[in-house]
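To start, the structure under review is shown below, and the notes come after it.
Lettered A, B, C and D in written order, each chain numbered from 1.
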Amino acid sequence: MTAPTSAVSHASLDRAQVREIIARRVARELKDGDFVNLGIGLPTEVPQYLPDGVQVVLESENGIVYAGSCTTEHISPYVVDAGGQPASCLVGGAFIDSATSFGLIRGGHMDATVLGALQVDAAGNLASWIIPGKLMPGMGGAMDLVVGAKRVVVAMEHTQKGSPKILAACTLPLTAVACVDLIVTEMAVIRVTPSGLLLTEINPAFTVDEVRSATGAELAVAELVVPML
Amino acid sequence: MTAPTSAVSHASLDRAQVREIIARRVARELKDGDFVNLGIGLPTEVPQYLPDGVQVVLESENGIVYAGSCTTEHISPYVVDAGGQPASCLVGGAFIDSATSFGLIRGGHMDATVLGALQVDAAGNLASWIIPGKLMPGMGGAMDLVVGAKRVVVAMEHTQKGSPKILAACTLPLTAVACVDLIVTEMAVIRVTPSGLLLTEINPAFTVDEVRSATGAELAVAELVVPML
Amino acid sequence: MSTATVTGSKVVSMAEAVSRVQPGMTVMIGGFMGCGNPHGLVEALCVAGLTDLTLIATDTSRAGFGIAKLVEQRRLRKLYASHVGLNPAVAAQLNAGELEVELVPQGTLAERIRAGGAGLGGVLTPTGLGTPVADGKPVIEVDGRRFLLEKPLRADVALIAGSTIDRLGNVWYRGTTRNFNTVMATAADLVIAEAEHLVEVGAIAPENVVTPGVLVDLIVEGDELA
Amino acid sequence: MSTATVTGSKVVSMAEAVSRVQPGMTVMIGGFMGCGNPHGLVEALCVAGLTDLTLIATDTSRAGFGIAKLVEQRRLRKLYASHVGLNPAVAAQLNAGELEVELVPQGTLAERIRAGGAGLGGVLTPTGLGTPVADGKPVIEVDGRRFLLEKPLRADVALIAGSTIDRLGNVWYRGTTRNFNTVMATAADLVIAEAEHLVEVGAIAPENVVTPGVLVDLIVEGDELA
């Protein structure tokens, strides 16, 4: 295992650093040509960290194939992203309707989806859409995305106010069963395997024990744990 | 009942006359604005007999809304009708794909479909696509059309080489169950009612008894039978 | 319930169009977070003061804007939507027992409406299995895989928006405005389309028509967006 | 099985494209009675001499022409189609026990392929109830109405045709050429599109793209039709 390149402690990571660590690592999961849907928030920061020579086709589930960002001077009332924010369609893209869009999503045409989570558990179950009595935004397109995409990557902070979000079993209502392939946090990269969670990469700022104590599920450790940065 | 205007006998009707009688009468079933699919053959002759002020929107199930005919100088390799023959799309029409087309058909958007038949029976069952061991063209779009259209009109010669095509029960494999609303032949107009077949109009060249003897099913006679011509 | 003919005109005033919506009806409204919503028709519906409506829409917009007002003005008895997070009135009325809400995954919502418009008996989807969405719904096994049976959705009236609409009702959509408008145009007894640009017949090439005019019963003229 | 990248090229020779089809594979071919068929790919498939194929196509063309030759040259083990009446070789081989034929209503065929491409578990349709099409298939009751459960169809390879295709695979279809090409482009592991006109990226407005380029893996250049 490579020595830590910087000796940041968890407490010293500010929010922006946490987001960058996660987005930068997720970017390495994507291959040139991948057709990808990125959830609202942190996942939208992934494309800026794509390696040279890697270009992905972004989908916005409300109807853009090859979605792009939007500069102030190009704001149009006709093009929004899945968050309802101004967006664009890159040259070579297409506008599609919602039935067609979710046909692509549900039909296994999406190479990957990256999204946030409230909880993920050892079986790869995902909870991301409701906290009964508190928060009821609705599931939007998330349930279709995690069922349909070939690869589901959860990109989230490892804990929520110190409480583990990775659990032995989700306690919140599920978004889908056994759908998560990979969990990327600011502390570690964890694969969901048939026998449970496997730590394969770690942020050199943390020890395995620190990751374990921030995780609410059994965490097997790969023979070779490499730095995630 | 109005007296016969001409005293033609069945034998004296040539094929063209038979087709014109049927197509002319079917045309009166269509209302201005109706969205209609016409089967191959005789039904395609219906539009030329539409009354003044009545214009219908023709569908061709391979992908034309507001289909038109085709003159020699407009033959294009890009536009065919459901028989694979050169066709056109009128100004104000649209080209659609097969899933969309049959969505319109199955979804009850078609006001009427007019098609030929091998057999129709007293329950409104239709047989039109196969004679086992002899003829296996396939059902094409017929099964969807007769299930989906709001009104199914069978336009056919009353008999096939002297044998009744209107039967107590179809003997050939069905196209659909209880789907036919109206039967128009060169002899008569017959409605399919919950209690069986009802003769409502007659070609003045024939007597009710002649129609009955050319029909292989019980045929009730309306209180007022009017001439179909 | 189509009132249109080939020779007659489908173009009516906003007031006449909205007069076709009655209390207690089920109404679909196209659009996604304000984009592709029939803004003029929604506003006219608010003004009309109808109550007891069932609304089918993918979202309820953001507070104070567009569709959100139908919730805020308590016009709804029941709501089908995939996302209601930006309109706090939904949760408030739900918790107070004043509004029935069925949250539907966005892809399932699109497909249920499409099934309603295409004469299909339902949708067999893996989406929602093992979640609260599956509660009370049949699970059908096909070749060893399990699918939820989701029922078709239809409405009495669909209100859709189009960027360019010709006088026969053919619709072309700019940008992401098509979203749910296309499926909703197939799944209601009466379809009212709001045209940003109303054009003469023939202005849209038949290859580029997205919603065929036969699906549109009435057309109203809306405001230009840009 | 997509081989495409954003930065690489999808355009290949006819021979290279057809070399991706192997004996025993299931192949979908778009088009309707010669219109919108990928004529060059079909011809190349005939020349390649593959056997034991399963073909999914709405018709088998007319004797001696296009797809008909795949039947006449005995390349097929099984055929799914809605209409085979103009190709006598189908009935002959069926009666001789040399070809398995499943006749599928045209609307059901389109919807089964769409389901295969959209991740749906099947199609619930009233079409075919009470006919030989229903033999051996489950009937599902939804709200008191009965529907046939028809299974999704997918293929190893789909051969489609487009009038204008850009180098990313976005397709625009002229006239009635789209027919089954659109659904087939969604329902195969490998999608090969034959372009009548191959154009640069950007030539088709994103609003007028019918088949998005992400669905197309390989592109070949075909002949102009007119």
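Odds and ends about this structure:
The working rule: a residue touches a chain if its C-beta (ideal position, glycine included) is under 8 Å from a C-beta of that chain, and two chains touch if they have at least 3 such contacts.
Small disclaimer: the values here were computed from a predicted structure and weren't measured.
Shared contacts of chain B and chain D, meaning chains that touch the two of them, come down to C.
Farthest chain from chain C, judged by C-alpha centroids: B.
The interface holding more C-beta pairs in contact, when A-C is weighed against B-C, is A-C. Each chain gets one centre point, the mean of its Cα atoms, and the points for chain C and chain D are 32 Å apart. Rounded to whole angstrom units, the spacing between the C-alpha centres of chain B and chain C is 35. Distance between chain centres (mean CA atoms), chain A to chain B: 57 Å. Residue positions 111, 114, 118-120, 125-126, 173-175, 207 of chain C each touch two or more of the other chains. Counting partners per residue, chain B has 89, 95-96, 102, 105-106, 147-148 as the residues that reach two or more other chains. If you check each pair of chains against the touch rule, the ones that pass are A-C, A-D, B-C, B-D, C-D. Taken together, the chain B residues at the contact with chain C in this complex read 31-33, 35, 53, 55-57, 59, 65-66, 89, 91-96, 102-109, 147-148.
Contacts from chain A toward chain C in the complex involve residues 60-64, 76-80, 83-84, 87, 89, 95-99, 101-102, 105-106, 125, 130, 135-144, 147-148, 173-177.
Considering their complex, residues 2, 4-8, 114, 116-120, 166, 168, 170, 186-187, 201-202, 206-207, 209, 212-215 of chain C touch chain B.
Residue ranges of chain C in contact with chain D, taken from their complex: 111, 115, 118-126, 140, 142-143, 145, 147, 149, 151, 172-175, 207-208. Residue ranges on chain C touching chain A, taken from their complex, read 32-35, 58-59, 62, 81-86, 90-91, 94, 103, 105-111, 113-114, 125-133, 163, 173-183, 210, 225-226.
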